[in-house]
Amino acid sequence: MKLGKVIGVVWATKKVPQIHGCRLYVVQPILENGQDSGQPLVVADPKNIAAPGDRIVFVTNTDAAQAFDTGFAPVNASVVELVDDIA
Amino acid sequence: MIFAKVIGTVVSTSKDPNLEGKKLLLCKEVDHTGKPLNSYHVAVDAVQAGEGNFVLISYGSSARMTELTKNAPIDAVIMAIIDEVQITDPAKSAKKGTSEV
Amino acid sequence: MQLGKIIGQVVSTRKEGKVQGLKILVARYLDEHLQETGKTAACVDTVQAGVGDVVLLCSSSSARMTAMTQGVCTDNAVVGIVDTVSSGSKILYQKSDNR
Amino acid sequence: MFLARVKKKVVATEKHPAYHGKRLFVVKPVYPDGREKGTDNEWIAVDYVGAGIGDIVVCGGAPGVAKEVFDLELAPIRTLIMAIVDHVDYRDI
């Protein structure tokens, strides 16, 4: 899992049924000190946790599908937590 | 997921039975501003995409997680057609001028 | 999937149990303009491809999803022989009959 | 699996149901002698062993591991803190 910052929204009307109603964000991976780390990527938000501007924790690869109620969705990354603070 | 632009089609007759009836599209990877990156994918189309479309591709084992691609030897699938990418952080949006998509 | 061109075959007498009897081909990766790149890969053949064919290469765990490669320790498989690649009205590649 | 140092705690109220009651830490991979591996190298890991800030830990995970150890239906969890390291015996090569 990694830390990221939501920097944008991807609008898509035509998508596979598994991700209907799920928002897709452009996320910039960041370090704990707020510094950017690597290239932005698209992250799904199945539980509607995040909003643009938020710091989040996201999970990648096979485990990303587990964030959906069905455990079955063609996504490579999912939001799992909204970060309040890092102490 | 990665951003991509559909640039062509791939036709194959002798292929794995699990690939039959699936449309294969040639997709160039781009970044969120539409700038072409240095890689491409041949992806199975799950959303009736066409040439010129700006799409999202899911890759690796996640690509098998649609009804269409379940249990098929597919490692890239087009799972959404993008209408718009809205970047809220002005410092990040389209640094290189206008989008090419 | 990636596009590749078959440039040879791997001959090996001692192979892991399930790999035995499978043809392992050497493919050179092609870019989106069908130009050869410097990278090559060894991949299990599932569609009787031959040297010179342009093929579809499937990687990672998806490579084990064909009838032939189920449960086989491979992470790269040839899953199709490409006939045509076109971009708009432009034909980028057309398979010739007399290969 | 990799060796890492626990750096900070991530505080969150809104989370995926699988994360309820779990502690998250920022961990940085380290060499056996405790030096950090690069500056741009940082992971978020779910605590399974009761680690604290400053500890050297063993982190890792594979698809499905979290599902098993936490006995959950769905677990979008990849990186786990699996062990707290007392000391590392190693030889420089």
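For reference, chains read A, B, C and D in written order, and residue numbers begin at 1 within each chain.
The definition used in the following text is that a residue touches a chain if its C-beta (ideal position, glycine included) is under 8 Å from a C-beta of that chain, and two chains touch if they have at least 3 such contacts.
Just so we're clear, the structure is a prediction, and the values are computed from it rather than from any experiment.
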| item | value |
| --- | --- |
| Centroid-based (C-alpha) most distant chain relative to subunit B | D |
| Distance between the centres, which are taken as Cα means, of subunit D and subunit A, whole angstrom | 20 |
| Whole-Å gap between the CA centroids of subunit C and subunit D | 39 |
| Centre distance in Å when subunit B and subunit D are each reduced to the mean of their C-alpha atoms | 33 |
| Multi-chain contact residues (two or more partners), subunit A | 61-62, 64-65 |
| Shared-contact residues (touching 2 or more other chains) in subunit B | 60-61, 63-64 |
| Pairs of chains, among all present, that meet the touch criterion | A-B, A-D, B-C |
| Residue numbers on subunit B that touch subunit A, as the complex places them | 1-3, 31-32, 46-49, 56, 58-67, 69, 77, 79-89, 92-93 |
| Subunit A residues within the subunit B interface of the complex | 5-19, 24, 26, 28, 39-44, 52-53, 61-62, 64-65, 72-77 |
| Subunit C contact footprint on subunit B (complex, rising order) | 7-19, 24, 26, 28, 40-43, 51, 60-61, 63-64, 71-76 |
| Complex contact set, residues of subunit D against subunit A | 7-19, 24, 26, 40, 42-46, 63, 66-67, 73-79 |
| Of subunit C, residues touching subunit B in the complex | 1-3, 31-32, 46-48, 56, 58-67, 69, 77, 79-88, 92 |
